[in-house]
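Each of the next two complexes has subunit A plus one more chain, namely subunit B in the first and subunit C in the second.
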Partner chain A sequence: MSAVETMTSRERVLAALRREPVDRTPLVNPTSVATVELMDLVDAPFPEANREPELMARLAMTGHTELGFDAVMPVFSIIQESSALGCKIQWEQKDNWPTVRMREPVYETVDDIRLPDGWIDHPDTQCVIQAIKILRRELGDEVAIIGKTMGPWSLAYHTFGVEPFLLLSLDDPKATAEVLRRLEQVTIDFGLAQIEAGVDALTLPDHATGDLVSGEYYKRYLQEMHAAFAEQLPVPLILHICGRTVDRMGYIAETGMAAFHFDSKNTPAESMAAVEGRISLVGNVNNPETLFAKGPEAVRAEVLANLEAGVQMIGPECAIPLQTPIESLRAISETVHAYHA
Partner chain B sequence: MTVTIPGRRIELVPMDPHCGDISIALYARQNQGELAAPADGVELATPADGVELAAPGDGGELAVVWTFSRRPGAAERVKAVARSIAVLAGLEPVEGRPATLRFGCGDWHEAALRRAFLEACKLGPDGEPAVRPLEVHDRQTGQAIRAVHIGGGTYRVEASGIEESQTSRAPAVARGLAKLAQLDPGPDDVTVAFPCGARHDALVGLLLPRALNVRAVIREEEMQAARGVLSAPSARQE
Partner chain C sequence: MADITDVANAFLRSEIEEFVERPNESARLVDLYAGASPEMQAIAAALVEGEDDDVDRLTTEALAAGVPALEVMDNGLIAGMSLVGIKFRESFIFVPEVLACARAMKAGMAHIEPILSASGIEPLATVIMGTVKGDLHDIGKNLCIMMLRGAGFDVVDLGVDVSPDDFIDAVEEHDAGVLGMSALLTTTMPNMGKTIEAFIDADLRERVRIMVGGAPVTQEFADDMGADGYGKDAVACVELAKALAGAARGA
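This part shows the complex of A and B:
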């Protein structure tokens, strides 16, 4: 344990999201720390834990009870609202992630975008809402609860397919902007529903990833929209974009979002320099190599690099592989506590 | 944090089709002779009965088969996997610890053990584990491949039935064995040696068929490891 802890987990996370002083660096997981072993521990396996609120809440709780994170995140996947929009979902099995069948898109043109009536009441969106309520009831004010609402760029990938949407963004900027404008309502409505259910913060993944979308693209299509989300969704927002993103971190820092969840392809020090204290950072322990394969010693080294750089919240870079060993995940918490001891 | 982790995880089978898709893992821990933590209902296979984790500690490594599942049948399944490893790889069960094993040589052969665990998990409730022979037929070439212990934990790989147009498969199989079990190379290209200097016929018999096609083994392992890794939508290959 850290020497003196004067804040609850929830207070600590909320303070870090506001870039206020904390008693120790909070451990935050904005995406998912579910593993198959944790699923077994609480008998809440995928895919059911993505579709049944009690199981979703029970599995999310292990992030705090077994791994020592200061926040829990029940929305493990990135497909809940896409399922409600009518996308075909491959729910997979316990050892794999549910995915949208993007080769079978539900929209082809802007005019196809019609949000199904009552999509927010769809079982796969309501599962999230109910799980959040369960977590709030169980955890009270002690632990931060983070929800997740997908950004319009990610939703466009899911509903149009990656390739068609990227081609559209090259060929027809006006139509692209209109697609994003129409899909942003999903982001807002699902976010508001989770806020009403009791979340303290929302992760907003919007996969304008470093490999396919440039920093300038981010500025052109998304920066303004993300700034609007920060005004319309009255909880701290944590933007999540995978990949090398240091070229857009300056733009992201101007959106008014509370935090950016950054990938290990960006070093902690350069990322802190890029955002210049205008937004909190959370991350960025590497998943596939460090957490999954290398083990606790390598985890410690990456956690320390983040702490030394002044990263405000420590956690994995993205949703961890489902086979990640528990001892590697615990090393994150142990290292942070030892650092502050 | 409430759950006890039995050590350093070596290998994981995320879904065991023979027991309700529970995960089963192989852990390594040093034998310090410590008492197990009080049973909390989670530690099914080994400490649940409250007996010692192992015989008084000798500092050597122990292999622990483990599950975090509390589903009916999970504990029995874990014990069955441990029994299968003991037979297939020639490990010794630790007295009073039905899912804890150690190498009789006192050394630790992790790479070979990992593969023994994966093989053991393939055996269902009706599958009786048996020590595999030190000889295997190579379907690709028709050659008979044999591993012969020549003393001090060193094995020589021999091939027979080599047709005129063929070369011996023995050097390739020896390399395969060395890779799969992390063995030392011998003085020539057909001998490999266990660093401990002890005889391990069961392990060699288990790995010999796999040594015929190491690439396939590695590919299978890589595919298994890639499952459960979430990709961004833009990075997905459908």
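This part shows the complex of A and C:
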């Protein structure tokens, strides 16, 4: 335990999102820390925990009760609203993530985009809404609840397929902008529904990653739209983009979003330098090598690197492999507490 | 050794001068392009620009004029992709641009492949390729496959979401010496390790060389899993496959 804790977990997270002083660095998981071990512990396995509100809430709660995070995140996957839009989903089993079958796209052209009537009432979107209500009822004001609403770039991958959409972005920028404009309504509506259900903040994954597209692409297609989201969704927003992103962090920092969830391909120090205090950072413990394979000692080293660099919130870089050992995850919390002791 | 001024195509000259920073790579490309006819340079240039219609037309014209299919492939299409690979590796271009170049290469290969198949040229080796279980991403894998086929490999594409058992079955069925696994997600990367373990359990690990790749994969992760090699991109994948195929033959 840290020497003196004067804030609740929720107060701590919200203060860090506002870049205000905190009693210790908050532990935040903007994507998912669900694992098979945690599923077994509370009898809330995948795929059911992605489709049944009580199980979703129960598994999300373990992020706080078992791992010591200051926030819980019930939206483990990135497929809930895509399922509601009609994408085919491969739900998998307990040891694999549900995935959108992007080789079977639902849209081919911008004119195909028709949001299904009542998509927000689809069981897979409502599952999230109901889980958030359960979490708010059970956690009260003690723990921050983070929701998730997918950005239009990621939704375009799901609905058009990654390759067709990336080619469209090169061949027809005007049509691409129109695709994004039509899909942004999904981002806004699902975000507002989660806010009404009681979330404190929203993760907004929008995978314009440096592994796929340039920083200039982010500026051209998304920066303005992300700035508008920060105005339209009245809770702190945490943008999540995997991969190498330091070339676009300056643009991201100008959007007015509260935080950026960054990947371990970017060092904490260079990332802090890139955003120049204009946005909070959360991250960036490596998943496949450090958390999954190497274990607590390596985790401690990466957490300390983030703390020393002044990263405002500590957590894994992205949703973690489901077989990640629980002791690796607990090492994140233990290191942060020891640092502040 | 040729000089940059020996490259007749002005676009290729400017591309080399602007984007190829390593002297050895610059020299290799200059030699390659300077040694190619102006028609082949035009195909390479059209490919680098991602102009699939132009590549389609120029390839058709070259074959009709009697240029051997292998020459069109090596000195036109693959020569162009060599430059594309360097630009991608150095982050001068990104995946959308590479996809456009791949589309152009595909347009040319559509004319070349039937001729090469009919000619009965022996493939360098058979390579099994697939994206691991739980992962449905395939852009990187497909780029690798296109480049491997262009380099003379016989590639069996297992697609996405491939289980360890399916990888094993394919290696046995095709008597393949090289296996390539791809993963785009940090959440699915561990399935590469599981697949390698499955080969060990099946007592087949010594029979096949395993290479891995994908955006989040690193050399360190590949080493930890016990893979035989890691390729950062499609160009590296081809070089790796050549090395592993040689090792497999020598084993």
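Just so we're on the same page, the second predicted complex is superposed on the first by the 341 of 341 C-alpha atoms of A that agree within 3 Å, B and C clash if a C-alpha of one lies under 4 Å from a C-alpha of the other, contacts with A are read in each partner's own complex, and residues count from 1 in each chain.
The rule we apply is simple: a residue touches a chain if its C-beta (ideal position, glycine included) is under 8 Å from a C-beta of that chain, and two chains touch if they have at least 3 such contacts.
Remember, it's a predicted structure, so these values are computed and weren't measured experimentally.
Overlap between subunit B and subunit C is detected when the two structures are superposed via subunit A. In the superposed model, A:245 lies in contact with neither subunit B nor subunit C.
When the two structures are aligned on the shared chain, A:9 is found in touch with neither subunit B nor subunit C.
When the two structures are aligned on the shared chain, A:158 is found in touch with subunit B, with no touch to subunit C. In the superposition on chain A, A:280 makes contact with neither subunit B nor subunit C. Annotation for subunit A, partner touching more residues between subunit B and subunit C: B.
With both structures placed on the common chain, the touch criterion links A:149 to neither subunit B nor subunit C. In the superposed model, A:83 makes contact with neither subunit B nor subunit C. Legend: residue contacts after superposition of the two complexes on their common chain; A:125 is shown touching neither subunit B nor subunit C.
Once the two complexes are overlaid on the shared chain, A:96 sits against subunit B and subunit C alike. When the two complexes are overlaid on their common chain A, residue A:326 makes contact with subunit B while staying clear of subunit C. Between subunit C and subunit B, the overlap after aligning on chain A sits in one stretch of 20-28, 38-46 or 200-208, namely 200-208. On subunit A, the patch touched by subunit B and the patch touched by subunit C overlap at residues 96-97, 99-103, 162, 166, 209, 211-213, 242-243, 287-288, 292-293, 318-319, 321-323.
On the side of subunit C, the complex with subunit A involves touching residues 50, 91, 94-97, 99-100, 103, 133-139, 142, 160-161, 185-190, 215-216, 218, 220-221, 224.
Against subunit B, the residues of subunit A that register as touching in their complex are 32, 36-41, 43, 45, 65-68, 78, 93-97, 99-103, 154, 157-158, 162, 166, 207, 209, 211-213, 242-243, 287-288, 292-293, 295, 318-319, 321-323, 325-327, 330, 333.
For subunit B in complex with subunit A, the touching residues are 1-3, 5, 8-9, 12, 14-15, 21-23, 25, 42, 67-71, 225, 227-230, 232-236, 238. The touching residues of subunit A, counted against subunit C in their complex, run 90, 92, 96-97, 99-103, 162-163, 166-167, 169-171, 209-214, 217, 242-243, 287-289, 292-293, 317-323.
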